[in-house]
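The following pair of complexes shares a single chain, chain A, combined with chain B in the former and chain C in the latter.
Right, the complex of A and B next:
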């Protein structure tokens, strides 16, 4: 583990605006928000959390360019080099003169590559695959609850009072099963809830 | 923050909370099906099985079982193909084009409209497949050397463009639909009580947890896919129209075909969305989400695209006369006054005349009337393709080979079979998939939900 003395608390909110407003005071007080789980995309959440812009659209452009190249190579090789044919008195000996007929193929393959490879990239970057265990720790976060996971050091009383002030309806210690000492720590902390 | 002008009607009626949306969307899956669902499924299944029988008979015996002849060598098969592809277009238009235009009313209908797209394209793809005759040689359409020697497919041919267009369209629509479905499958997974159900939705939801970064990527992917799907959907019917427009048959060889086909596709697709959603909202009590306003919006689109189609018909007639080409002139005269006059005038009545009723607010907000018009439009659009295809072919350049076309029971059986198959797929979808994009819909609850809009107005009154 990168940081064993960091503990994590999860705060549940029952309203998206309340959760969104609570992020700023938390971050200003030096707490790091590790993750947010929400049932739907919340406008401005990525900005509040300080997430970088996603570059997935750039990958789509690159994949599209790849698709276009594949289409050019395919039509050029099959129709001009490998087996040029004289179709309806219009011989296909030059790519330049035949390229208008290949535009639909080029367009379709550009879209095909851009769309499919981007979606594959999306799955890979998100770590999503069929049958993966649910990534949200609380099943209510796909219904109507909004969860923040916040890291803290040592004493959690400051964080707890801050969370209560910002409108959190439920506060739990996250059991980090990979962290060995968290067991004893958790018991102590749970008495203070 | 969630402000929307009070002039706009609420898109979600009833006092809904986020949890209510979850419950309402999950209800058709978690409860037993209404009797009407079983009746509809049984009828569709019978029609589907009848179609399977006719398809097997065609494959086993040959295309001779159809009503085609030497003169009319394309008829119901290609009519049905174009009809089904066209119906599919509305789904992509709703989910992609209306997303780019930020039309919020798309959110409660886009899931089902996209499902309709996918199921309609499945039906469409069946027809060229079986029309090949030897369907086991279907791999000939892929860019691999024929018989694995050295002869390739012909990239000059619009029929091959069609293969690429339809397969790209189908697969891209499918992933677009699925990317949007994942968060909703996750919602069903987290609610499921029965282990089998939980397991299935767990596999389908890919482990989705609604992390902030994942939502950020989700929105970007949706936007880019919408941007890609928009020109794609226009390209598909453009290329379908080129199957005809690049030929030298009078009545086909016209440059107006691509925009005219695309408008017709959207027209018929929205009509099919109306047919399906009016049944669905009643069967599964979705009236709070698919409101009269949604139906009215779609009726306006039907009216506009129907009028575009009407202008295209008239332009075609004018151009036939203005071109001075004798064959072209005859083809159109023959359509309107020849032996297939009834098909032409059915098309004109259903497609040009009937949508004009939508100018009246009373009519376009009437559910019963909308339902009737939606079926009339689809009958009309089927006739449009029949008129274009059969009336252009049946009297060609050589009068000695002029003939008529009459479908055999196999032609009719396959067509009815695809309608059955389509409804089987849609009915099964409606009971096992989240029929409304609930995650997306929750984003507009606070701005467009009825109870929240009332609160906004009260707030506004205070100041």
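Right, the complex of A and C next:
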């Protein structure tokens, strides 16, 4: 995880709008924002960070199609091939003539597969498994603070002045070995509210 | 301010002329009462065509009025920029309402045989035509009550449309928000009224055609259809205005939301269609299944086409975010859905009125074009009367910043 060529600085903000507005000048000046930590989802943050659009919708379609296929296979095998039953006098050896009765199953399994597999995909893609250690470098970002981690080369003075201009309230050098801000180099710009 | 383009105005007059010609052609070619012994299909055709097209456009206006009322009642922000379009579309309600009253009166005074339960002697136990099932429904299905109900529906809806429009004009004059608060009250009252009357109207005007048959969710099914048609018409008009350089406050996000409504309520419509169909198919009781016999018999081709247009097309095309934000895709699928839902109304009305002699010819298409011409004329005239959004609507700013 630690990038040995780049140093990382973490900047804390006490307002989501201020943080959101500071991203553009940072990126325009060639700084790469490695991560953002916020206590709640911020509308438009992914766009500002230049993240690619999520592909979860594509997977949802595939999972839904999979669920539909499973439902068709299930009803066809159980109700037509394996154990045909006379229900309501419908021709029991024909899938085509019984299909209205199977539509609710197809619908439910489509939804079930799409919804559940989307959640599992989300967990896997984010590496969220039971017992996973929290990666949050600063507990205050679960409360009322907003943090950006910014990569820089060599001299950090330009980045520091830029961060001060954009309204950061605290700047720390991230210790790359532990991925946590080192207390010794903490620079508090103003009292956090 | 929106200027009604002269070309479009001319087009609407041409369409109305085609419609008048089609109605005249329909009545001339249908002939008079002489064919009565062989069923009423032939002479019913122009009447059925009028009912189908009038109900279709009445549904669009009513759906738009419902959506407008929901926007007020729920304090919706994103839609503030399109309220005038909803008001414009609901402005066609008085026209279609008057037509509906005339059609109902024509039916009640035996000028046609659209409503089978009005046939002579059908309620008379001593008559050859006596029908005990229909006789059992006489408390609800009788001429005076039927006419009274129709009047109540139309007057109530027209009152709500006119009141909401007048109140919103006050929002152009001053920054005082009393009109907005009053609109919320009017909308809430209307929504309750609408919940009951939209169901009852669809029983009266559409379901009573197949007098023996009934379905408890028929009202919802019809409502889903008119709501999809209304949202589609609204989206088409919004895109038209946007393409002509109006409505700078509307962007792809608003169109995206309208697209979502089109998508979601297409699914909802299919859900209700299927819910009604499956129970009847499964139980297979003669008194219920008669409804679907012609629809899966002589009407099978149209019935399946209608399902494809109203379900498969919107499902596959509108599923993607990109197509909902693209005017070309959305307008194309919008036209397809308008055709599909017109066909839906056609199939609700035709088997019980015209029957096996049905056809979609100049009578039906011409009448549709006539009503479309009237729709364009009335709606765009209304849009030209006031700014394209309420000047002092409290949600204007929120609507501008709307982003998804």
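As a working rule, the second predicted complex is superposed on the first by the 172 of 193 C-alpha atoms of A that agree within 3 Å, B and C clash if a C-alpha of one lies under 4 Å from a C-alpha of the other, contacts with A are read in each partner's own complex, and residues count from 1 in each chain.
Here is the rule we use: a residue touches a chain if its C-beta (ideal position, glycine included) is under 8 Å from a C-beta of that chain, and two chains touch if they have at least 3 such contacts.
Because the structure is a prediction, the values reported are computed rather than measured.
J.: For A:57, select first, second, both or neither according to whether it touches chain B, chain C, the two together, or no partner.
T.: both
J.: Which partner does A:89 contact after superposing on A: first (chain B), second (chain C), both, neither?
T.: second
J.: Now for A:43: first (chain B), second (chain C), both, or neither, which partner does it touch?
T.: After superposition on chain A, A:43 lies in contact with both partners, chain B and chain C.
J.: Which partner reaches more residues of chain A, chain B or chain C?
T.: Chain A has more residues touched by B than by the other partner.
J.: First (chain B), second (chain C), both or neither: which does A:101 touch?
T.: both
J.: Once the two structures are fitted together, what part of chain A is touched by chain B and by chain C alike?
T.: In the superposed arrangement, which is not itself an observed complex, chain A uses residues 43, 57, 101, 104 for both chain B and chain C.
J.: Going by the contact rule at the top, pick out the chain A residues touching chain C in the complex.
T.: Per the stated touch rule, the residues are 43-44, 57, 61, 88-89, 100-101, 103-104.
J.: Show me the residue ranges of chain A that touch chain B in the complex, using the header's touch definition.
T.: 16-17, 35-43, 45-46, 49, 51, 54, 56-57, 60, 74-75, 78-79, 82-83, 85, 87, 90, 92, 98, 101-102, 104-105, 107-109, 111-112, 114-116, 118-119, 122-123, 125-137, 139-144
J.: State the interface residues of chain B toward chain A in the complex, per the touch definition above.
T.: Going by the criterion above, the answer is residues 1-2, 17-19, 22, 143, 150-156, 158, 160-161, 164-165, 168, 171-172, 175-176, 179, 182-183, 186-187, 189-191, 202-221, 223-225, 228-229, 231-232, 235, 239, 242, 439-440, 442-443, 446.
J.: Which residues of chain C touch chain A once you look at their complex with the stated criterion?
T.: Checking each residue of chain C against chain A gives 274, 277-278, 281-284, 319-321, 403.
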